[in-house]
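Next come the structures, one after another.
There are two complexes below, and they share chain A, which is joined by chain B in the first and by chain C in the second.
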Partner chain A sequence: MTRFTGMLSLAALAATLLAGSALADTADKKIALSNNYAGNSWRQAMLRSWDKVTKPAVQAGIVAAADPFTTAENQVTEQAAQIQNLVLQGYNAIVLNAASPDALNGAVKEACDAGVIVVSFDGIVTEPCAWRIAVDFKTMGKDEITYLKDKLPNGGNVLEIRGLAGVFVDDEISKGIHEGATENPQFKIVGSVHGDWDQAKAQAAVAGILPSLPDDIVAVVTQGGDGYGAAQAFKAAGRKMPIIVMGNRQDELAWWKEQKDANGYETYSASIAPGVSTLAFWVAQQILDGKEVPKDLVVPFLRIDQAGLEKALETTEKGGVANVEYTAEDAQKVVDAAKK
Partner chain B sequence: MSDAASPPSPLRRLMARPWLWAYVAAFAVFIVTILFTGGRSGGEVATAAFTFATFSVIVGIGQMFVVTLGPGNVDLSIPATITLAGAVATKIMDTQDGMILVGLLVALACGAAVGIFNYGLIILLRIPPIIATLSSSFLVQSTAIAYGRGIRIKPPPALADFTTSQVFGMPVLAICVILLAAVMEVVLRRTLYGRWVTAIGQNIRAARLAGVPVGRTRFAAYMMSAVFAGLCGYLLSGFSGGSSLSMGEEYLLTSIALVVIGGSSVAGGNSNVPGLWGAALFLFLVVTMLNTYGFGAGLRYLATGAIIIAVIVAASRRRTAR
Partner chain C sequence: MTGSALSPRLLRSLLPALSLAALLIAIFWLQPRAMSYVGFNLMLNLAIPIALATIAQMCVITVNDLDLSIGTYVGFVACVGATLLSGGVGALPLVKDLQASGTLPTDLPWLLTTPLAGILVLALGIVVYALLGALIYWRDLPSIVVTLGMSFVWLGLSVVILPVPGGAAPGWIRSLMTLKPPFIPFPIIAAAVIAIFAHILIMRTSYGAVLRGAGGNPRAIERAGWSLLKVKVAMFALAGFFGMLAGLSLVGLTTSGDANIALRYTLLSIAGVILGGGEFVGGRISPVGAVIGAATLTLAGSFLSFLRIPPDWQIGAQGAILIIVLALRALIDHAEKRR
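Moving on to the complex of A and B:
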């Protein structure tokens, strides 16, 4: 009898392997989203994208559940406890936007040991047993100087707006920007302030440093979420508007459009689409499905250029961030790219 | 207040003011900042400092009245109230100039509602103020998120113009808030209500026995703090081109820091309004100075902390020396 069942399951396994990716065998699997923060428009869009993609997926029976959980206080201890709870509640996979790259490693390891798949994205974790869908932030920073090089061949003075001090993302983007500036010495970074990825804070910081800067600022390099505030500060100080690199926020795009219509203002905008949560969802689903997925994956940027501005603005909801939701096929492409 | 028998000289009396040190520090930092550019940009730096200090002073006044009530009294719901008031007001005004007054009333009403709710938690459910205002801030922030979904609606043009206008380099809003601060100083020092608040902070039992209506006085202070937070959210969303979910975040620590650096006693019972302005200017200028000199973030935080400690020590040394 046992032998017979064994044979049967072996046959079933063989059949699944043969069928390959066609049919998901994850109908009884439960996926949870563990999110550390929901207090800005990017995170709000991320949660909405998650709902938009996972609800139909649950209805279609691709997975049994895909529930989002957000911690109230953006605290490592709180999120560690949350991960432990999710493991106890019997989720098969946890998609994780982590409050810290290493402080959650203990909880993540426990989850892995309990047989739970952990896929971290955006705020990734370093624990080797987890998957990472990371952003190449350094390239993101370097791209800004590359763009300016084409736009302003003569170079000039550049103001840098950084993000939240002490956060890995801020260091990486800034490193990329400075690397670009070293390679292109015609650009000189004359000032650097922390805007915490927030329009109001960026506005205050830029307004404070502007008086001490030379009059001929040609460009502002940013990290996203701070471009509109920088523009407000330049306007208030009565300065000539430099090229401000934007970060895909709707208010930034709307301002850019206004300037474009008024005086042909040109810039570009790039960020990570909040829909990356859905990419992480599909990656988790494929891992549960038994696919072989490399541990380190790279998220594509969502870049908006002068020509694509109108269309991006139309599809971005007021107060939101330019966004795309990913499909299972997109996830497959990202996985294939990482295998190469 | 055991002043010497002979009337002290004006200079000595000035030196004894607990708020003096915030101004001394602000001025010193200002000088160091403009030295960087050889004094060329002093006016612009001062304008920026007054612009941004204005918003912290508005919430600082409310926080100060609450802190004056004595140990354990603090309003942690200020950031959430700012966010909610900003979100609701901009949505109701819907960029229409004609709705500016309605928007203001709605923002103040949001504040009043939060104030009533806070005090309800404190008095009816007997929750300590720190916990009560913290938990209500979660509820309020969640309401703001659910209500606005982080949508940034532009303020009416006339409101935006008003909040950013200047006369001779001085922000109009700052002038209004200086007047507001002057009125609140009179309220604190010269009115019965202000004396009640101070009396409760010094000894709540003695105050009650002396016939001070403790409940009503505390209620009014929490109410005021929340209404000022609502006002701040309204003006801030006009100033920075719309409300955002994180617009209030920095005002929690700032509002408490203003009270302390301004020379008010964090244990309550001894407060002053002028110090709030000195402290607000000082806090903005410290960041500006360190940015101007291009310090790294780590060094900046270290320096900020060290300077703040130095100012507080200097201020409290004065007081005990009396």
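Moving on to the complex of A and C:
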């Protein structure tokens, strides 16, 4: 199946080749991926996606090289040195998942001054000369309430599961959820727990708060990596299963499928695909190609709805995260959206 | 000792420079592009803070101690440099939050915006280092334990100052670190200045001889009427001073602070001292060697990445370079003994 998607992206690539839209003078350009950390499944998937998309691109002669570099320790100074070495090695563009939003600015500025294009994604940098492919986590949170509004017009009590306390991402998603709840007062957030984006922790946290909550919880809003744990906690407490928003993890999708087959359970799932690294690759390629690209771009979420569940589950490996690789056309769409 | 050109003693003092030269030749062979003004700038500018941290570590090693807190201390200085030193108390994220919530007025009095606050805190940092030296001498505590404990204190303080990465380096540090002097790249000039300054301070002054002697033979120094307490305090204060310079130069390069910015410096600085010909005991040190050692370690990183060694192996390879140099030194020592 992965081979099949690989073929698909190749075909898409060939299509763009024929259309001649994104390809011109980048055949002799070299792009490097500077990555600060590879220690979890999301980052591993990110690196695999990079290989899967860039290898055919190099073979097809779209770019001369697209080499990934990961620092051994998640350290700012190490990554700064890495960026400087990449500049010396003559890379024309550096795609960057940064260890720190601010502390790499010096190295990034030096790269820019040397004429190197820097495109940061996921872990973005604030240096103005770099491009940023950011994630709108706030919208991701708000979307959850928007979905519930359609599903449950009468509203009701909602339980919120948050991520790791003190982390920027947790703050943003939660802000979005609360903003949604203020705009739709029929939903009342009756409890908030920290599940640390981990199924086991989420299960324990939800099990702990459930006895103190009213019986009519209609929905659980989550941040990803915690939906399955929440479901287990509700099951163990013998409560009616609410709508739990999922976060694209394989165990969550598998549980959802099981419930869907058993009783027609409906929900949706959204998260950022690790394949966003490939989006950054295409954006870098387009900039090298001389395209006008705004400095701030927004990553589309990978959203799985009731209809797409089976397919998503099939392509997601056990213990992994649903993923998608982007094509040059997708990158074009993101760029066009940012221009508006 | 004969006067022949290849006497072990000469060889040993030349070893750091020779390893650096060998590494440079290998780098230029792999990546001719590096042999340029820009190349030297890029490869060596991060060596400046490492060299300063190495000198700081060398001061502590001179008196037979070891500083395991230098990395977090450098990070602490970087955080202070990016906040207090550029905009005074008003630049602290905590104060900014209070301003945003309306608890504090938008226009702060002079007292809260003066960079003097930063200078004061940095001076306090050096005082703390001096006190540590005194404490270690008075209570005869193992420095490893004391400084390991302090490393958590510095890290905690950095997080208090800068809970999330950010801040901005003061303009004058930024412009100093990005100087582009004609012909000779700034990192090379800076390294030479650091090496010569430290060399004169520790190797050429009379009190410097006492400082080194306190590491080699403390009892002799004590009998000669020198205060060992003063020696420890002086060396730790010097370490604090050079550590501060390391932090400031680092924040000048990165433009903003991060509590975790320099955690690696603890080990890098120890490795730099040893690579540069210093030894853990006996006041046997070499400031020039330490700077060369720091440069060698930095270049080793570039060399390995030019070689395209997978990153998982790079740390191991860096260790291997260290072991090779040390093995060479052991060989030379062996030859010396046989004479």
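Just so we're on the same page, the second predicted complex is superposed on the first by the 311 of 340 C-alpha atoms of A that agree within 3 Å, B and C clash if a C-alpha of one lies under 4 Å from a C-alpha of the other, contacts with A are read in each partner's own complex, and residues count from 1 in each chain.
Convention: contacts are C-beta pairs under 8 Å (C-beta built on N, C-alpha and C of every residue); 3 or more make two chains touch, one makes a residue touch a chain.
These numbers were taken from a predicted model, which means no experiment stands behind them.
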When chain B and chain C are modelled together on chain A, clash or fit: fit
Of the two partner chains, chain B (first) and chain C (second), which one does A:Asn248 touch, if any: first, second, both, or neither? neither
In the overlaid three-chain picture, which partner chain does A:Asn97 touch, first (chain B) or second (chain C), both, or neither? neither
Contacts of A:Ser34 with chain B and chain C, given as first, second, both or neither: neither
Tell me the contact category for A:Ala207 with respect to chain B and chain C: first, second, both or neither. first
First (chain B), second (chain C), both or neither: which does A:Gln44 touch? first
Considering only the touch criterion stated at the top, classify A:Ser277 as touching first (chain B), second (chain C), both, or neither. neither
For A:Asn105, decide between first (touching chain B), second (touching chain C), both and neither. second
Could you say whether A:Thr71 touches chain B, chain C, both of them, or neither, answering first, second, both or neither? second
Minimum C-alpha separation between chain B and chain C after superposing on chain A, in Å: 9
Just to be sure I follow: which residues of chain A are touched by chain B in one complex and then by chain C in the other one? 72, 166
In their shared complex, chain A is touched by residues of chain C numbered 31, 33-34, 38-39, 41-43, 45-46, 163-167, 250, 252-258, 260-265, 298, 301-302, 305-306, 308, 311-312, 314-315
Touching residues of chain B toward chain A in the complex: what are they? 33, 36-37, 41, 44-45, 48-49, 51-52, 138, 141, 145, 148-153, 164, 236, 240-242, 244-247, 249-250, 284, 287-288, 291-292, 294, 297-298, 300-301
Counting only contacts in the complex, chain A reaches chain B at residues 38-41, 44, 72, 162, 165-166, 191-194, 198-201, 203-205, 207-212, 228-229, 232, 236-237, 250-251, 317-320
Which stretch or stretches of chain A touch chain C in the complex? 67, 69-73, 75-78, 80-82, 84-90, 100-107, 109-110, 114, 127, 166, 168
